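In the two complexes below, chain A is the common chain; its partner is chain B in one and chain C in the other.
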Partner chain A sequence: MLRLPKFEVKNPSTVEEAIAMMHAIDGEARFLAGGTDLNPNMKHRLFTPERVVALGGIEEMFGITQQEDGSMRIGAMATLANVASHAELGLAYPALSQAALLVSGPQLRNMGTLGGNVMLDTRCQWYNQTYFWRSALGFCMKKDGTKCHVIEGGSKCVAAASNDTAPALMTLGAELEFANATGRTRMPIADLWQADGIWNKKVAHTELLVAIHLPKPSADQRGAYGKLRDRGSIDFPLFGIAIRLDLDAQGTIFDAALCAVALQARPWPLKKAAALLCGTKPGEESFTEAVEQVAALAAKQCRPMPNIPGDHEYRHAMVSVYTKRALLAAANGDGPVHHV
Partner chain B sequence: MRVFRLQVNGDTVEVAAPEHWTLLEVLRYKIGLTGSKQGCDKGDCGACTVLLDGVPTLACLSLAATVETSAITTIEGLLPAHRANGGEGADPVQDAFDRCGALQCGFCQPGMILSAKALLAKNPNPTSQEIKQSLSGNLCRCTGYTQIYEAVVLAAKGEQV
Partner chain C sequence: MAARDQHGSEAPGDQGFRVVGKENRKVDGLAKATGEAIYTDDIMLPGMLHAKMLRSPHAHARVLSVDTSKAEALEGVVGVLVGAELPIRYGVIPWTPDENALATDKVRFIGDEVAAVAAVDEDTALEALDLIEVEYEILEAILDPQKALVTPEPAIHEGRKRRDNISKHVDLEFGDVDAQLEGADIVLEEDYSFHSTTHAPMEPHCAVAQPNSNGRLTLWSSTQITHYVHRALSRVLELDPARIRVIQPCLGGGFGGKSDPFSLEFVVAKLALKTGRPVKMLWTREEVFYAHRGRHPMQMHYRTTAKKDGTITSVDAKLLIDGGSYSSFGLVTTYYSGQLLTGPYNFPNYRFDSTRVFTNKPPNGPKRGHGSVQPRFAFEVQLDEIANRLGIDPIEIRRRNFIGADTETVNGQRISSNGFMQCLDEVEDASDWKARHGKLPHGRGLGVAGSMYISGTNYPVYPNKMPQAGVQLKIDRSGLVTVFTGGNDIGQGSNSMVAYLVAEELGLLPTSIHVVSADTDLCPVDLGAYSSRVTFMVGNAAIDGARKLRKQIIEAVAKHWEVEARDVRLMDGTVIDLSEAARSMTHVEAFHLAEELFDTLGSTGAYNTPELGGDYRGGTIGASPAYSFTAHAAEVEVDTETGRITVLKVWAAHDCGRALNPIIVRGQIEGSTYMGAAEVVLENHDLNRFGLHSGPSLLDYRIPTSLDAPDLEARIVESIDPEGPYGAKEAGEGPLHSTIPAIANAVFDAVGIRLRHLPFTPAKVLKALRELEEQN
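After this line comes the complex of A and B, so read on.
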C-alpha cells in the first residue's frame, strides 16, 4: 500500500482561477492533470505539495480542433487516448499519434494527458522508488540527497526525459501556450528544455500549459515513432525516436527532423543526421544510403546512460536499429516501430 | 476530511474521507467495496481498474476529489446491473470467465473483467489482437492469459446470440 501525503485539492474552472490558486498559498502547490505521473511521485514522496490544483474542470484545456490557418490546437487536457485515436491527427502528424499510442497501457492512456506528458518529470532508476528504498540508498541529488548514483562524483543530475510524445512534438515544431501570473505566452517546444535532470524545463512548475499548437503540415509530410521497451505495454521507453520527413512534388525530401528520448534530461534533436536526408528520394539508392549514414550517426550522438532501467549497452546497440526502422516506416507511411 | 458525493454502481454515495485519498482507498476502506484490488498501488498492474463513465481507469491513481461528476462502475456493480436489465444468472463476461477457468488466484479478475466489459461495449466483435491490446494494462501473475482471452471471445459470442 502506498499512501499519498496529505494535501488539499482545488478544482478551478478557468485558467485564471487555476493560476490564482497556484499562487495563493505559502507552501508548494502542483497542477494535477491525469495524475498518472504526479500521484506515483507523491506516493514515493518525490513531491509533497500542500495543495493540488486539479485541471479537469477547465473547459478551455480540452478538445482537439483544427484552426482556420490549417494548424491544430490540442488542449493540454486532451488524453493520450484522445490523441492516439484522432483520425485527422493520425493522418497529419503520424509520429505524434504513434507516440501517444505507445505510452504505457490503455488505462493510463485514458487518464494521462498530452499536457502532462510534455510536463512529465524526468526519470531515473535511483529516483523513481519509494521513500524507504531511496533512504536505504542514502538518497540522491535530485531528491533529499547530495550524490549521483549514475555518474560518480557528477555535479549535475542526468535523469532522463522519458516522455514519448516530446520527441514527436519536437520534430513537428510544436508551440506551447503557457499561462502564468502575468498572462499568456507561446514558446517553441525546442526552447522548453534545459540540461538539468532535477528540473528539465525553463518554465516554473507554477506555469500552466494550456494548449499545444501544431503548425500546418507540408503537402507530403510523413512521420513515425520508434520505441524500445521491455514489454509491449506499460513500460516507459528505453529509447525512443521520432521522425518527420517532408517530400516535394517529385518525392525528394526537402526537410527532415529526428529527435530521440530516454537518453538524458532533454529530448535530443539529431540535426546533423536530419540534414543527411535532405535531397534524397525514398525508393532510390540515395535514400537507402542516407538511412545507413543517419543510423550510424545517431549511434554516435545518442549515448544511453545507466540512468533508466535496461542495460545501457543494449540500449545503445538498439539506437541504430530503431533509427533505421523508424526512418523506413516514416518513408513508407508505416509505424509505429516497436517489438510487439 | 471532505464529504465526497460519488456515483457508484448506479447509487449516489455520500462519504466523508480525507481529501487526499485515492478513489481506490475510498471505495475499499470507506464504502466497503473491496472488489477493486490494491496491487502495486502505482499504476503498473491494473488490479484496481474501475470504469469511469464506461472508460477503464486506475482507481489507485485517481483522487476521489476529481471523480465526483463521473459514473463509477466497480466489479460489484455488474451483477445488479445485469439483473436490473432483466438478465438471469451472472453477468455474461463474469460467466464467460467462470466457464473458461480464466482465473487462478483471482486477484487480477475484477480489473480484467472491467477492461473486457469496456472493450465489448465499444466493439462487440473484437479481433484477438484487439482483445490483447485492450487487456494489456492488466497483469496476471497466474494464468498465462490464454484462458482470459478465450473468455473474452466466449463473452463476445454469447452477447451476439
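After this line comes the complex of A and C, so read on.
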C-alpha cells in the first residue's frame, strides 16, 4: 500500500494549544480532524507536513447543541455520521442532514467531520493522484508543477470544491467560528471562499475551524440536497445542489437559497435563480413554473468543467434535472435527491 | 483419454451421495473469516528486505541508460536490479515471450517496470527509487487500436517476424458464410464495442523470495498458476527448476488477473539470490491497475443471416482486439474471441476474422470469461434484434436455434451434456417473462441472453502429453487423509471440491481431509486456475486417486470380516457390514487393516483431456471436455431524464453439471453476474489522452458497492456430464457472459434503444433516447 510520509503528531487538548502547536514550527503543519481526506492526500504527497496537529482531544470542538437564541452550534469535530443522524438537525436543517448522509460511505462518515468537510481540499482528476502518476504528466499548477491539464494553457487552477455540506451550509447562512494566532473570529460561510482551486478559502490553513453556527430556522423552512454521482456510496459529488425554502403562514415562499457544488473552486450560490422562487406557492402553478425557470437558469449559471472525473457535458445536462428534483423534494419535505 | 479419466457420474457406493451436493463448509472458510489464513503479504522472514519498483512515466520510450549508483549508495539499500540482469524474456504462452521483468531496451506503457530496489524497509526502498536516473528517448505512443492496425512504425515490439503492430491474426471460416446472404430472410449487420475492465481482486499482487543455504530458492506468490511461474522462473533465472520451489499461499481473489508470470516474481527472486536475503514486494493498488491483464477492449462487427422463423443460417464476425503492450495470453484470446461463440446455438456457417494489436497501454489478458465475454455481448444483442424484427419472442428464438446435447459445433467442438433449454425455462419462469416482457410500463424492461463456456481446454499452453492435473493422496494412521494437488485455490473453492470428492470416495466426512495445494515441492503438477479447469480436471484426478484407495480399504475390510467386497459400505467415517448389520468399525480401524494388508497407504490420481477439437490450426484452442451453459434474464429501470440504468434484478440459471456444493455454485453464479452487471454500467479501465490510467484507485475505478449491486437470483441446472467429476462442469466464469447482453436487451425492452457500445453510461443513454425521439 502507499506509504505515508514521515511527520510528527501533536495532540493538543485546547484550541489555543492547537494554534500554538501549529505555529511553533518552521515547516508546514496541518490540522488532522477525521483524517479521511488528509491521510490519502499525504499518501499522494499532496501534503507533506512535518507536523500533524490532531484535534481529537479538544472537547470544545465536539457536540451539537442548541443555543438559547434557537441557533445551533455544531462542533467542527462532530462526525458526518453524527450530523446525519441528529434528529433535531434533520428536522430544522434537512439540506445539511441530507448532504452529510451522502458524503462518502458509512465508515468514512464515522471518521470524517463536518469541519473537515467544510475545509476539504478542492479536487481534480489531474491532482488527486499518486506522486508517480502526477510525475508522468509533469505535475500541475496546484501541486509541484505549472501547467493546467483541465484547461490547456489555463492560468488559474480550477480544481473543484467537492464538499457536499458546503452548499447546504451556504443556503442556511451558517457562520464559521475560526481560531487563529490573534484570537477568535466569526464569518459567514459565504465569505470563506475564493475562486482559486489551489486554495479556495480566504483563511489560511493555519487557522482552525472550531464550530459551525446555524441561525434559527424560520417557522416553515424546508430544504433538500441533490447529489449526482456514479455509485450509491463513496463517490465525491459530480454535481451537488442544496436548497432552502422559507414559507410564510399562507404557504408562499418569501425567501429561498440555492447553492451548487462540484463545479469550480467555490461552492456556487444561485441567487438570481433563488429570487425567482419568492412569491410562488408550492402546490400551485406559480411554483411549478418557477421551478422550470430556476432549473433553466441554473443550467446557464453552472458550467461543469472536465476537472473532476466523469463526462462534464453530462454533468451539465444534469444541472437542471437535479435542481428541479431538489426543488420539488424541498417543497414536499422529501429528499435527498440521489439515485439510490 | 485413459481409463483413469472417466469415473461415471454416480455416487461410488449404492447409498447415494453423502458429501457431494450438500452445502458443506469451504475448507478454508473459517480460517479466512477469523484472520488465521496466511496470505503472501503475511509472510515475514528474518532479515527480510522490502523491494519497490521504478516504473516508466512514458507510454513508449527507449531506455538509453539507467544509473543506479546514487541509489546503491543510500544507507539501508541492499540490492538494486536493472533489466540487463534479467535479459531473458518470458510470457505465459511459450510462443510469444515478449516480456522482461525490467526493461532491457524499451518501455511500452506508463507503469512498465524499469528497475527495482531492495532495502531494509519500504520507505528506504522508495527513497532509493527517486535516486535512480533513467535516460529515455521518447517514442510516439500508439493508443488507438485502429491506428495500431495500420501503423507498422514505430513497432511496439521490434525484432519479430512481423514488422508491424499486429500481435495475432486468426481468420477461420466454417461452411460458406457469404453464400447465405442470398435468400436470407433477414440480414443484420452492426458494429459493437466492449471497453476495458479490470479484475480488481481484494488482494494486491505480492511475492516473497527466500534463498536457501543449500542453493535452493523458495518463492511465495499470489499467483493462479504456480506451475507456469515455476517454469518461467527457471527460464529467466537460468536455474534448474529442481532448485526452485513455488508456493501459492492463501489468495485474495484473482479473476484471471494473476494468471501471468509477473515481473515482481522474477525481481524478488533475483534480488534474493543477489543479496542472499529474503525479499518481499507488495504492489500498491495503483501498481495492480498497471499490471492489469484485464478484459480486452474489442471493436466488433457482426453480420447474421436468418430465416423468417428465426433460424440462424450464418454468422460473420470481424473483431479488432486491443492487446495493450504485451502478448500475455493474446494468442489464446484471439482464438477464444471466435471459437467460443458456436453454442448454445447452432451456427450452420460461421466465419471470424480476429486481429489483436499492440498498443502502448497496460497489457490486456484474461479476465473471467476470457476472450468470449465481448463477442457474446455483441452476438446476443444482435440475436435479440433479429427476434424483434421478426416478431419472435427473444426466448423462443434462442430455443429454436438450440444446438442440442451430444453434438458437434460448426468449428468442431464436441458438446456433451447441455442443459441450456432448462436454463431458458428457469429464467423465463423466474422472471415471469410471459406476463411481463414487452408489457412493462415505459422505462422498465426485461431482457434475456444465453451463453456457453469451457470447463478447461485440452490446450495445455506448452505442448506435452503428461496429465493436465495430478493429485497424490496419503493416508495417515490417525484417520486423516492428506491430498496434495498442484491446483490453485483462488477463492473459487477448488480445494474444497477436492476435499468433498475424496471424502465421497472414501466414505469420510470432509473434515477428515486435509488439502495441501499449489506447492511445487509437495504437489503433483496441475496447470493452474484458468479457463475454468480446476474442478473438472483436478476433481477427476482426485476421484482417480481416491478410488484406488477405496478399493484397497474395502478389500482389506472384506477380508477381515470375511464378507464380499460389495457388503462393505464406507459412509460418513464409518465402515458398515451390510451382510450383518450389527457390525461396523471406524474408518481409522479400516485404514489400519488396509495398511496391514497393503503397506503404507497412498495413491496418485491424474486426469488428461480426450483428443478434442477441430482438425485445423488452432482447432484445439477452446476445445473443452465439457461446456457449461447459462441463461440470464435481467430487469432494468431506465430514468429517461438522467439516462441512468438501474439493474433491478438478474435471474441467472446456470448448467454446471452436478453441483458438487450448491452454495458455492450459487456464489459463483452470483459473483459472476454481479461482475458482469458492473461492466455494463460502472467499471471502466480508462486511459486518458496521455496514455495514463485515468484513475488507478478504488475510488476512481467504480466497482459496485452493495448499494449498486442488483438483486440476484441464482438457479442451478444440473445436466449431469458423462465426463465431469461425478458429472460436474464449470461454474466460475460461464455465468458472467450473458449478464451483459441480458441487461442490454432489457434496456431495449424498457425504452426502445439498442445500445451496442459499452459501457452504458447515462450520457450514452440520453443520446440514444434523443435520437430515438428524433426518428419518431
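We adopt the following convention: the second predicted complex is superposed on the first by the 340 of 340 C-alpha atoms of A that agree within 3 Å, B and C clash if a C-alpha of one lies under 4 Å from a C-alpha of the other, contacts with A are read in each partner's own complex, and residues count from 1 in each chain.
What we mean here is this: contacts are C-beta pairs under 8 Å (C-beta built on N, C-alpha and C of every residue); 3 or more make two chains touch, one makes a residue touch a chain.
This one's a predicted model, so the numbers in the text were calculated from it and none came from an experiment.
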Touched partner set for A:Ala204, first chain B, second chain C, both or neither: neither
Which superposed partner A:Gly35 touches (first chain B, second chain C, both, neither): first
First (chain B), second (chain C), both or neither touched by A:Ala24: neither
Which of chain B and chain C A:Phe7 touches, first, second, both or neither: first
Which superposed partner A:Leu137 touches (first chain B, second chain C, both, neither): second
First, second, both or neither for A:Val321, with chain B first and chain C second: second
Which of chain B and chain C A:Gly56 touches, first, second, both or neither: first
First, second, both or neither for A:Gly105, with chain B first and chain C second: both
Chain A positions touched by chain B in one structure and by chain C in the second: 1-2, 6, 105, 232-234
Complex contact set, residues of chain A against chain B: 1-2, 4-9, 11, 32, 34-36, 39-40, 43-44, 52, 54, 56, 104-108, 110-111, 232-234
Interfacial residue positions of chain C with respect to chain A in the complex: 55, 57-58, 110, 122-123, 126, 204, 282, 284-286, 639, 641-644, 646, 682, 690, 692-697, 699-700, 702, 704-705, 707-708, 761-763, 766
Footprint of chain C on chain A - complex, ascending: 1-3, 6, 105, 125, 128-130, 132-133, 135-137, 230-235, 309, 311, 313-314, 317-318, 321, 339-340
Residues of chain B that touch chain A when the two form their complex: 2, 18-22, 38, 41-44, 46, 49, 55-58, 60-63, 65-66, 115, 133-134, 136-137, 139
